[in-house]
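Here's the structure, in structure tokens; my notes come after.
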């Protein structure tokens, strides 16, 4: 009963996400040279779906357990039943001051068997339980090892109140859809900030010359304002100084999907390229940042059956440069999308995390000849 | 209310653990040459405590959510407040088909900031939530990244019923004590089996020539019967064949504590030696096994304050061989203790996991001249 | 001119290797349950060849640059031209106090492009140059990244005299052959010792139930006498105490070949199982030991051409347990073969490294019921 | 005799390095915010020395073994005798399609015991032998495990002729000096190119707020022209298109020195930040690139003696952000210094690798408001 009523409250407070601010590309920023997919989203990789559950409730002074609540869950669903139809995958800790569960399993087997779930730092447990609950709904004999990754949203959110429940996770998985992906303060990105601006979920995609697709989704919660770099311009330093609300150093999670047929050890190399895309937005990956990447390929299904071997197609290493380029470009763009789309948000103790000011940012980029 | 009543039921069903079967050393098995500590337990490392919550309830046919319940939680508490007084640490995936959360953080920072919690595979989420809950009880401003590791007890336990709650975890931490440690079917080891015999928690310790102590605690749930090796004798093959209840390949978690002052990169080397101790009991670390080790040193406290540096004493590499020897010996003995101490247990669907038969095992070891 | 005359001298001093002492299996020791291949050697994997160049010259007091020389080179040649026909591979540092060059390349690409060369610690440079020279002989456009691994033979050999030349390496590669493999004090094993007995090269193989083969070759130079374990019996402690010549802690290199079709991330798991085989002979992998493993699969050739993808067959993880078992058994047996086959050798400063005494060892194993 | 005459020839052909083109900072480019050290070089870290041996000889058509020769050796000498006075260190393969020997040892022990040597891909063997020779000159009892890293200079150099000798390596170590460091086509950088412009050795340094120094030296041989980014501007695309001589994808080696007292696991985190500095110059770290970083701290000497422990000071993680920032800035600047300082070079088959055109580059950066 408690959960049901909470759920209705949540729905009432879900932001009208389609009235979003324009994405980075829309305002004229160029990020790389490869063309984007239809939605410029991770869902451009056929079969990949994204689901958000956004929890926004209450305002004013922080009362642990009461709110204000500014958090949520985002699920990346790789195919219709990844537990039965496993995919090659790899994961990498870029700067491991955070958590992505399931990495040992993914890297030992080279497979992914679960939807990937993003949420806040103190809700990893509920995220984990939620994926288990989802799997047991499919069959009580399943023994999944979930992949749940976190960023810290305690600057705006009553994080110690732990308002994310396993039910929210199930809901995020079950309502995941293809097509356009809501960005900014939505799902796991609800309370996140990057470079001391409101940020959160961002996504982008690239089409390779060989027609394969790379899609990236991030939960962007990293960086300090003086480091913010857009198109190589130190925008964070050029913007007028403000005093943002206090916060801890954050993190970033990068999810990479591709339909290119590559092997686990090659997917791990994609993960490392996520750091390159992150870097292009300026952060030094501060010591307390939890920066993780996970990559999977939808090209080859490894069914959970008693077969003893699989016939596989694997791209040569000489084909990887385009995949690297795509991963870097899409990661950079996904982070900027999070910053451009997210609106200001007021959370705990009436702290307001400002949005990246479009007009001033564009003016700076024009000054530096990066937007015409 | 529900949890409280469940808690009382649990307490009622806790086994009388002190009526345990004799440990491996008691029956005359020799494991290595270094002397043991007072309790031959991880608690011989000063300050280290262990807490178990054992959940045993119901019998008969498996009804998911009802039982039978044969599971639990074990907490290894490194000092009185490890969040404020962090310790050098390292963790290693020996064969990563399982989960130990928190490894990325431990290895990135070289520190441990939480009690280590062991439980069953599908209760990692509750384990995580429980550590968070414990920490928030101390202060709502804490943002811990828990270390929770699992083994699969679904052969006996209604694992899909997920009967471990965060409260059980808090209880295991809060009731942790120094001194003798209950072994076998207790805490996280309640439903575990190794080499197709009932097993679970085991512990052992060694005193080094330099008077430092190494203590090991395992949750032993690995191996197939034909591989079981004791004192180098293939006991698993020499014992009469029986048909044990069906089970999946299991796992093993090894927790290593020492008061020797060593650095994180040296602690990681201890973790790798855990595999040597495991191997000596015969397993090949089967493909589906989730074998993890974590090691910490209590010698040097890194307080959570604003200091900019610490003065540290660090052992030379030339001192490590004794630490390696102690880790290997104590790991081997801890696994054997789990096997020797655990009593037969009947669980779901009236499956009974037999105990290692002491008399026959001793007879075999006598035949091979390993026990006088 | 200098090299040519040296070469003739070397040839004169090559030991009559076929008059070797019996192998471990011949004297009745059982190591595992899987059947061996025809030669019980790494060459049982079709296409794999082994070449040794053995350098034995001089006696008496050490004069650096003069001798006595007790060293050599061993080459493991995976197929007829591995540079053009690359194989899936992986390498792992088990305890990295030594050198195996080429590991970064092997693990980044998941491929092997060179014969694997073993030699002494101070001759890694010449080993590297030798592989480069061999490759440039095939074509001046090749740019190989050699895999050269070392153990320390300075207890018997004038190691600082660096008597291995690149020509010796070319010779070892070019004279590699299939069929039986000389063991003990031959090739890179010439000056090596293990457990304070003369040791060096050893090899063994296993046939899997699915008819695939696993072959292992080691250069065994690790361990202290009190740790020596054979069939689980502490033979090193049971043998009468002697004072062996002074030496430094040594190392072990393990080369694993298979014709089972497995992927790079799976081959890395085989490498980790090498540690299990090593452990079964008793060593704790001492802090100064350089223990490395490399594994390759001959099943799938990746030609060096402009193709963009390959069709591959890959075994499921459920097939790996037999490969693990075979790797562990063959590694253990290869080490014991090195110990059983090697004869006593006198080297620098008239130091004599004794051979493992067969009669006493067999008697001990009989006492413990391990040999009938 | 042969080597002596070659040596004189080499000396004759050494470029007048002090007539170098201006460094990146001199022409007005800003790279980060931290101040540089006295020389803006790795030698700003007290005690660190750099030595180059530059081999330039012959011209015209490639005749393997004759020339043209455009190669060399660079040695980074951490202190006056690092074998006896070891330093904390760590190494990391950023994209391992190349070679840095000694990494396993460095990471297992957390120490550096040798000068770091850079040379060309096919001369790793001679580099290794040279370090061994240097060490044996100090004492015939030394058993070093050299750190030698390579980049491919075969675009200009008769790389298959392997003109680097161990003597050159000894010379580079023995002539290493503090103070200003020659950059560009010098030492191991002689034949290198980056972004399809002549490049090679570059260096830079930063002074931290706590007065510690970070110094970086690179051998820059990576990237394709379209990727070249300076101050965030895609200079490589803005420059007029030319057809550079054919080449293979190259690599980059980054050596990081600091006098800040940090532990091995923290030094490894510095290594990872080298990738951030590299990325800022635009490369995607192409699949065939061999990108390696090694970092050492001069703050704490671990003598090679029989002591059993050391008293150490270690910076807290909260002090690392400045070290990260400094590493990233200095790596970026070192690469740009290599590009700005290197002059055009004509090598094998009369191929000319052009220098980065200063005037056009500055004009582009002015257009984009990055230089005033």
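We just call them A, B, C and D in the order they show up, numbering each chain from 1.
Throughout what follows, a contact is a pair of C-beta atoms (placed from the backbone, for glycine too) under 8 Å apart; a residue touches a chain by one contact, two chains touch by 3 or more.
What you see is a predicted model, and the numbers here were worked out from it, not measured in a lab.
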Touching both subunit A and subunit D: give me those chains, sorted by label. B, C
In whole angstrom, how far does the Cα centroid of subunit B sit from the Cα centroid of subunit D? 47
With chain centres taken as the means of their Cα atoms, state the distance from subunit B to subunit C in Å. 36
Flagged in subunit A as touching 2+ other chains are 95, 107-109, 269, 317-318
Could you tell me which shape the graph of touching chains takes: line, ring, star, complete or other? complete
Residue positions on subunit A within touch of subunit B in the complex are 64, 93, 95-105, 107-109, 121-122, 124-130, 132, 136, 140-141, 143, 145-146, 152, 154, 159-160, 162, 166, 248, 290, 292
Can you name the residues of subunit D that touch subunit A in the complex? 33, 94-95, 226, 229, 231-234, 269, 272-273, 275-276, 279-280, 284-288, 317-318, 320-321, 324-325, 328, 367-370
Please name which positions on subunit C make contact with subunit A in the complex. 107-110, 210, 261, 263-266, 269, 302, 306-319
